[in-house]
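Note sheet for the following structure.
Labels A, B and C are assigned to the chains in the order they are written; within every chain, residues are numbered from 1.
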Amino acid sequence: MALDSKVPSGSISDKWTNYKDHINLVNPANKRNIDIIVVGTGLAGGSAAATLAELGYNVKTFCFQDSPRRAHSIAAQGGINAAKNYQGDGDSTFRLFYDTIKGGDYRSREANVHRLAEVSTNIIDQCVMQGVPLAREYGGLLDNRSFGGTLVARTFYAKGQTGQQLLLGAYSAMNRQIGRGKIKPHNRHEMLDLVVVDGKARGIIARDLVTGEIERHSAHAVVIASGGYGNVFFLSTYAMGSNATAAWKIHKKGAFFANPCYTQIHPTCIPVSGEHQSKLTLMSESLRNDGRIWVPAKLEDAQAIREGKKKPADLSEEDRDYYLERRYPSFGNLVPRDVASRAAKERCDAGFGVNKTGEAVYLDFASAIQRYGKEQAYIKGLDANNTKLIIDLGAAVVANKYGNLFQMYEKIVDEDPYKTPMMIYPAVHYTMGGTWVDYNLQTTIPGCFSIGESNFSDHGANRLGASALMQGLADGYFVLPYTIGDYLAPDIKTGTISTDLPEFVEAEKKVKDQIEKFINNNGTHSVDYFHKKLGKIMWDKVGMARNAKGLTEAIEEIAALREEFYKDVKVPGTADSFNQELEKAGRVADFLELGELFAKDALHRNESCGGHFREEYQSEDGEAQRDDENFAYVAAWEYKGKPSDAVLHKEPLVFENIKLVTRSYK
Amino acid sequence: MALSGLFLISFLSLHFFINMVSVFSADSFNAMSHFMGYNPLIQFVMQPVLIAGVVFHFVMGFVLELKNRNARPISYVKYNGAANASWASRNMIISGVVVLAFLGLHMYDFWFAEMNYKYIAVNTINETRYYEELVHKFESPVRTGLYCIAFVLLSLHLWHGFNSSFQSVGFANKYAKALHKLGYAFAIVIPFGFIFIALFHHFNHI
Amino acid sequence: MKLTLQIWRQKNAKAEGKIVEYPIDGIEEDMSFLEMLDVLNEQLINKGDEPVSFDHDCREGICGSCSLFINGEAHGPDRGIPTCQLHMRMFKDGDTIFIEPFRAAAFPVIKDLVVDRSAFDRIQHAGGFVSVNTSGNPVDANTIPIPKHDADRAFDAATCIGCGACVATCKNSSAMLFVAAKVSQYALLPQGRVEATDRVLNMVAQMDAEGFGNCTNTGACEVECPKGISLDYIAQMNREYLSASIKG
């Protein structure tokens, strides 16, 4: 099967407008005869559900959390990009488009990214109208900050809780439609299979997580907005419940899975503290606006710090290595995430790590506090030579900008980041890969759409900061509601889809069989035991730096672990009750397949690009080396029974508007 | 609750003012008491309003308490209320019941006697009897003691009630801080002032 | 660290529940409270018992999933954080820790420590929104300047994570702080002002219908709120409600 991306013809800046002008529309009176299922209620799913319901479709939403408001989009801290150019620093749709393509290391589809940049401004307008309290300046206008990988300040934010505010905005739009009866929410429900009838997605099988009941739900189209698969690493900044089950189930039913190896390792997370660790906490990238990253310049200092004999403040300026500023003078601490993460790993691998495990670097606010303090003293006409006063004034400015992040850090680490530098280390944070979709955001299964982080489309091999919120909302508010109409136009006379069709019966039986198997397995190890083992393989061999040998081993180890899991997993409790271990078992079963495909994809991609770094393919000074001649394509995998049998389909990436060059932030 | 509470607070202030006068001048006290006792506006308009206010306040208090208890049918095994709220705020029902009981005694002591004097026995008007009646009541150490205890509880009731009333009617602006302080001052000055009056008469005129 | 846990166990919504004692050893100071429960659950599973169910998701203090009434306080003894950010360094070796579900008639127990907080969602359905459609051509975001002070106050109200600690900790099980935060956020912004009257009446009516208790201004909610949402918002809502009631 050849992949058809269905990108409209015409010049890049007219494609989306022309496309919208010529697609099929569904008459408002007919929309009420059409049902749509949306799985996942984060930024993408929530905004899509609300907008589709506003248009008149009957929407059913599904989320495993007890309320749509708890989806993990809520944890996004830093901001959302939009090419508003409110700061007058030369931003434009083209620049945002260009930065996103370049940031993604030239592995994303031009037409999709341009559309994203185009609608980015609408998102801000829409959210402000909804009452989202974005940060403002004293004049009452919206404020911006700058984020990694760009030379303009285009990031809108709400302190360190931008994702929360935007999600609550989408949730409020959903609430309005729930109140009107146009959205029927199914919270504490988990989708466990997709039902395909005559080649089209026509419904899902879901489990009511409270009663354990297996339910059939039909619709004319199914939208998957279930987020990314970073929890395949066990330790990540994802929520504990974030899972790939919906995305993986549709993959098994025929949706191709694209670029699974593109994973973002975020540079600024709180380091692992011990064996018991259950998750990692992100410190917003916005901190790099003011924080300077360093490690000791001398190995003996690093060792003394690790042993607790020296404190970071004991080191003079010349004994510190601000390695990002040293290596990348033009972007400094604001290089893109993949670059910053690898640089931290490089220093720690070389023995300069600063915590007990040797896997941490400093993020230091002392100079920002000084700078702001002096600024404030000048403004207020106070004594600029009073050290204590300067520190107090500066700390107040920093607290105003990042207060909640500093507080979070202190609660977790028990150190005061105003006084001593933060310790940070990279952690798994986002997956750029995901379900393959065409320009319409439709997967290779007709009627099954994938939006937000769960698809692969916009970020290439690396996502820039503040772009995930933008993409989720762009897909949900402004793209899918158009493209899905084009697909649904012929369905206006279909009528309600019966859930008694044999396809529903069969899918339900398979789901029930798997649940029964888990409950009656009576093995010896908990689900977490296997999940942690999988995570260790992934982190060690498919993590920040990969090589052919490690990947080959990982593939074998994961396959073996999967077998052991099915033989030996122990799931207590019953199938017909609230059972969190059973929920986890299903998710980990899917991760155990996805992880293998992930490694397989990483092994086949013989180049380094963005978040995918192959040790064999790097320049002399350790920068990633792309191979545009052989790998400028999307790798879309077709399921054939086992991850090892997956078949590769290539969608060539054609760059008509941007010249491929080596990405440089020096 | 809040509005009736605010109304009772204003009545309390007036009551306090008149009683305080008794400490300084028996004559003025008699004059004021006589005015309050025989002015038709006070007697036939303000007095029923006051009674209605008191009844409304305590009936609503009980209804509120009952509703709020029903809002948590299964209680906590361990509940550390002191960790986040003052005793006074958590126990308005206790301080309220004590003040209500005191009110019964107080009505029996003064109001019933007064009603009897004026309307049932229909005695002649005596413009100077009030001060003596007052002093006479505080001869008993038991009664004086009960009054003092009740006033401490009233203080606690006001400590929370004063500011709570303003919060309930939506008072939150730059004057709120000052008002809070005033509320606490009120909750101390008025009840302890009453205690002072009671003790003053108890010890000065045996 | 060695601890004695006293945990509420309840099979399902209809079953009777009770406190069950679990001794636990080897707890480290750096563990979060939920990681301590993970350790307990791993032990229970290995012994063949059913693990303790509890709600949790992001484990970074923002999703509002985690609840737990720990030693008589919502989210435990620390301030300004939900349970997932509570760390074991707040406890001492040998401590006994009571762990109960959030309790209120409007928050029925689903299992063990998991409660149903959908009443909060229904209050939001009643009016927690600005009625604006997604059109792609609304006015530019900077057309209406909003004073920074108002925007900041709206933001502070909007940081509510909907965890329910206010209800759980209130001696009256009142949801006033939660509702006030939402009402105030919109009331403070010009976009939300248009529907302010209907919003406050509808949301308060739904709050009462859900069986929450009444606010007596004890202020416990403000103290226990992981996001430190101020009581001033309750005053603001009272004001909104009074004026809406008069306007009708």
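Heads up, the rule we're going with is that contacts are C-beta pairs under 8 Å (C-beta built on N, C-alpha and C of every residue); 3 or more make two chains touch, one makes a residue touch a chain.
Predicted, not measured: the structure shown is a model, and the values here were computed from it.
Trainee: So which chain ends up in the middle if you average the CA atoms?
Mentor: Chain closest to the assembly's C-alpha mean: C.
Trainee: On a CA-centroid basis, which chain has its centre farthest from subunit A's?
Mentor: Centroid comparison gives B as the farthest chain from subunit A.
Trainee: Determine the centre-to-centre distance between subunit A and subunit C, using the mean Cα coordinates as centres, and give it in whole Å.
Mentor: 26
Trainee: With chain centres defined as C-alpha means, what is the inter-centre distance between subunit A and subunit B in Å?
Mentor: Computed from C-alpha means, the inter-chain centre distance equals 62 Å.
Trainee: Roughly how many whole angstrom separate the Cα centroids of subunit B and subunit C?
Mentor: Subunit B and subunit C have C-alpha centres separated by 38 Å.
Trainee: Give every residue of subunit B touching subunit C within the complex, in rising order.
Mentor: So the residues of subunit B touching subunit C come out as 1, 64, 67-68, 70-81, 83-86, 89-90, 92, 160, 163-164, 167-172, 176.
Trainee: Going by the contact rule set out above, which residues of subunit C touch subunit B in the complex?
Mentor: It is residues 6, 8, 19, 69, 71-73, 77, 98, 100, 103-106, 169, 171-174, 211-220, 223-224, 231-232, 234-242 of subunit C that touch subunit B.
Trainee: Could you pull out which subunit C residues touch subunit A in their complex?
Mentor: Within the complex, subunit C touches subunit A at residues 11-12, 28, 30-32, 34-35, 38-39, 42, 44-46, 48-51, 53, 55-65, 78, 80-81, 85, 87, 89, 110-111, 114, 116-118, 120-121, 124-142, 144-148, 151-152, 154-155, 158-159, 161-162, 185-186, 189, 191-192.
Trainee: Contact residues on subunit A for subunit C in the complex?
Mentor: It comes out as residues 47, 50-51, 54, 65-67, 69-72, 74-75, 84, 86, 119, 122, 124-142, 158-159, 161, 164-165, 168, 171-173, 175-176, 178-179, 185, 187, 210, 237, 239-241, 273-274, 276-279, 281-282, 407-408, 411-412, 414, 477-478, 481, 526, 528-529, 570, 572-573, 577-578, 580-581.
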